[in-house]
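Below are two complexes that have subunit A in common, paired first with subunit B and then with subunit C.
Take a look at the complex of A and B:
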């Protein structure tokens, strides 16, 4: 009981108080405490990620095994998880050629590299005019075979090239790796589609729900319409003819006023409320009044 | 006749949503196929952000952070490209980092697109710009780099040791940069940059955001903690227009082209709202009658 209850409370209290004090004391040992604290946070967050992954597998795996409703979606989630893990940790792809010497047939080299990198020939020529110890061709291949094909083509014309593979880590952002394939071919279309659907649902929901029922709804509706039309070029186009004494009715101007004054005032009130709430909750956690982080009510 | 018309108005309330979807789809598609070239008028918020960037010292070092993914790419990516072009055109040194894992790809794409231009091809990685990549930890990363870059980013996105990157030799903490620009679509994003880096260290900051996020940022803009804000796709189009106005670019950008579609889509939504209200009143009138 002591280990499960008193020790976590003591840790939270001591760390909370020290971190609070460090904000006000810009001297050692408090001054550099934040660096250590953020690194601890990174380490703990890494473990949290592992726990999160295990939790995902447990929940989705259970659904698949028990064939619960929608189990095939869970199966897709589990397969997606392992596929991404495999391409992130085991099969990276990302083979590329490093040029040591363009060789005697420079025009052929420039032409071929221009084709595979989709760059203009003069840009390729300029880029490979100074090679130094070696310069990579900006085109990655998923497989060694793909890189070998280009290697053979260039070598046969006298260029000195070497097949290399991207280091672990940079394979997470470069094209021509299996991880980036998942990102560009699966993740990107899926998330883009989900977000794009919003336009359709917003239109349908506005049609059904945006009704002038009372004064508040009318003000909201008028503000919404002014923002929607005033934010886009059409707003400027529609009210561009207004004479100078009516310029305050120019829709872009009107929408900016709504944005910057009534809207900012409302947002500020909400922010102050949230800020006070955070202070209150943090103090409750530090002082051990709020114990939900230990699983207690 | 009036009875039939009344019935029609009442039935509008039950309009099949697939018809609404179809009309919205066509309203978006049509201007993309046939551009209307509607003029873009920069607002004060975008102009403030643009001019703050434009008036930085010639030898300024700027930090740009990518906190968005594919879902908000159409809104934020055009401004990422424009802002990077602006930085490079003014000759600033650029430090790129990401607080979102997807941001890594977005940063890479934006850099590729910008550096592919004739004007910027001679820029050298590690000297003129660097991509530090992604670090997990959200605001803890921001807090961390206020004390030390090296402790949080031991290597860049190409896995080069940070001590071997010439540009990073003079940048020990975020206090050594002259300006921060956060391309943000949520948490962690621009607000965290203001709270943990910009405001405590008094580094000027501006941000490019998804439209939906802008109202949360306006209090920071009004208080002067943030120098303008580039708000959504309209903001991106305005930034592109300002690039042309200042002679830094010469063509209408991606965002400006997309604004035609957004204009018509917004107009159609407003028409639907009006139609919905007419149907609502027709129905209410009949209900009152009986």
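Take a look at the complex of A and C:
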């Protein structure tokens, strides 16, 4: 009980107070405490990832085995997990050619490298004018066979090239590896799709918010329309003819006023409330008044 | 005549020796009043015929000079960063158009030190002490007070209603404690509120589903839900898999939670924690399945989305006060009372600031610039 209750509370108190005071003490060892603490947190969180991964596999795997509702989505999740793991740790791809000598047929070499790397011939010529100990062709192949094909083509014309593979680690960043294929061809489009849905959700949410039901909704609608029109050239065009004494009704000016004053005032009020809430919650946690986050009443 | 000759010779001697002494005469001193140290102010005199000036730096531990920057003109008070506590010299070299060194000179070693207290943050330090004192005072006072009045918050009153509705409909309660880790106060607050919601689901025997996007949040949430079920005397209803992990990725997590909403159609959805762009995706999907939705966040930019798509929204401080409201612990309620007093003080300060500034008195604003 002592280890589960008092020790964590003491750690929270001591660390909380030190971190709080460190913001006011620029001298070492307090100066970089925040950075160190963040790094410690990242390390702990990285180890905790294993727990999350195991939990994901357990629940999704169970769904597949029991053929529960939507089990095929779980199957996709499990397969995606293992596929990414395999390409991240076992099959990296990323074969490339390292040029030792362009050989006697430089125009052919430049033409072919230009085609595979999608760069201008002049740029290829400049890049391979000085090779040194060896210069890689900026094109990675998923398989050894892919690299071998280009190797044969260039070697047959007298170029001295060598097939190499990207080192572990860089295969996560470079194109032409299986991992990057998953990332750029599956993960990124899926993420973009989810993000793109936001546009439609904003439209449906705006429709509901702007529906005239009461005075507040009407004011919101009016302010929304002024902001939207005032921010595009149409706003300036529509109200450009107004005489000077009515310039305050010029839509770009009006929208700026709404944005700078009523909107900023409301946003700051919320910000002050949030700031106070954070101070209050932090104090309650540091002082051990709020203990329920540790599973205690 | 003799006297004039003496001055002539003296003048010639000074003229000959002066270049050897270094007309550049660079001086490096630590920047005064800089709490974090590190900054050195370098000054040097300009040299005739100089095309540019190269500045070099070398600490006592280093063998070679490190080139820092070239200037066309020597400005007054040039600032450079060095490591605190390490004696460092600067070398200024005047270069002519043909890139010949006209003259170069080295400063005395300079050492910077950080202060033990950042005097520029004194007002904030006093404010922190004051705010903490007020909150602690009200926490202490709350123990003696019979009843503490706090204004009713519709969103918090709806918590029980939402869980009750889910129970009546025989559907589950979905609780999302944000998408960030435990290093965010909003996540901690979301996890604390989860404890109260879990007590309600245990009491009503409603099914609870808590998808999380961070492993540490999963562990903390599991512990808190377990404790809630124990405290309500229903450990039999607790299942560790109620709290389950999906992914750290923002939109993948949003897709997973949307999937749960569309497949299981929970009757009540709680979105309590730190959210970003996925907030509207989650809230609109929850809205489309007709669930009663209660959101709460400390992310100002997401509040409008939640207000639009959810039935109730805990705005800013309401979200952080939720735990105290739901828990009814006098100590926690006392801290909320303290926060309200501070808010009143801030409002008065802002009002005073507006009045003084409008009248042209700047002393009040200057206090906060310290």
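By definition in this document, the second predicted complex is superposed on the first by the 240 of 297 C-alpha atoms of A that agree within 3 Å, B and C clash if a C-alpha of one lies under 4 Å from a C-alpha of the other, contacts with A are read in each partner's own complex, and residues count from 1 in each chain.
As a working rule, a contact is a pair of C-beta atoms (placed from the backbone, for glycine too) under 8 Å apart; a residue touches a chain by one contact, two chains touch by 3 or more.
Since the structure is predicted, the reported quantities are computational estimates derived from the model, not experimental observations.
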Which superposed partner A:191 touches (first subunit B, second subunit C, both, neither): both
Which superposed partner A:26 touches (first subunit B, second subunit C, both, neither): second
Partner chain(s) touched by A:152 [first = subunit B, second = subunit C, both, neither]: neither
First, second, both or neither for A:208, with subunit B first and subunit C second: both
A:282 touches, of subunit B and subunit C: first, second, both or neither? second
First (subunit B), second (subunit C), both or neither touched by A:290: second
Subunit B versus subunit C as contact partner of A:143, first or second or both or neither: neither
Partner chain in contact with A:56 - subunit B first, subunit C second, else both or neither: second
Which of subunit B and subunit C A:247 touches, first, second, both or neither: neither
Set of subunit A residues, in rising order, touched by both subunit B and subunit C: 38, 41, 45, 49, 191, 194-195, 202, 204, 206, 208, 267, 271
Interface residues, subunit A side, partner subunit B - complex: 32, 34-35, 37-39, 41-42, 45-46, 49, 119, 123, 126-127, 167-170, 172-174, 180, 183-184, 187-188, 191-192, 194-195, 199-200, 202-204, 206-208, 210-212, 221, 224-225, 228-229, 231-234, 236-237, 252, 256, 259-260, 263-264, 266-268, 271
Residue ranges of subunit C touching subunit A (in the complex, touch as defined): 35-37, 84, 113-118, 121, 124-125, 128, 131-132, 135-136, 139, 181, 183, 185, 188-189, 191-192, 195, 214-216, 218-220, 223-224, 226-227, 231, 241, 244-249, 251-252, 254-255, 259, 263, 277-278, 280-281, 283-284, 298, 300, 303, 305, 307-309, 315-321, 323, 327, 331-332, 335-336, 338-339, 342-343, 346
Interface residues, subunit B side, partner subunit A - complex: 15, 17, 20-21, 23-25, 28, 38-41, 43-45, 69-74, 102, 104-105, 107-108, 116, 118, 121, 133-137, 140-141, 143-144, 146-148, 151-152, 155, 157-159, 211, 214-216, 218-219, 221-222, 231-232, 234, 237, 259-260, 262-270, 272-273, 275-277, 280
Contact footprint of subunit C on subunit A as seen in their complex: 20, 23-28, 31, 38, 41, 44-45, 48-53, 55-56, 58-59, 69-70, 73, 190-191, 194-195, 197-198, 201-202, 204-206, 208-209, 267, 270-274, 276-285, 287, 289-290, 292-297
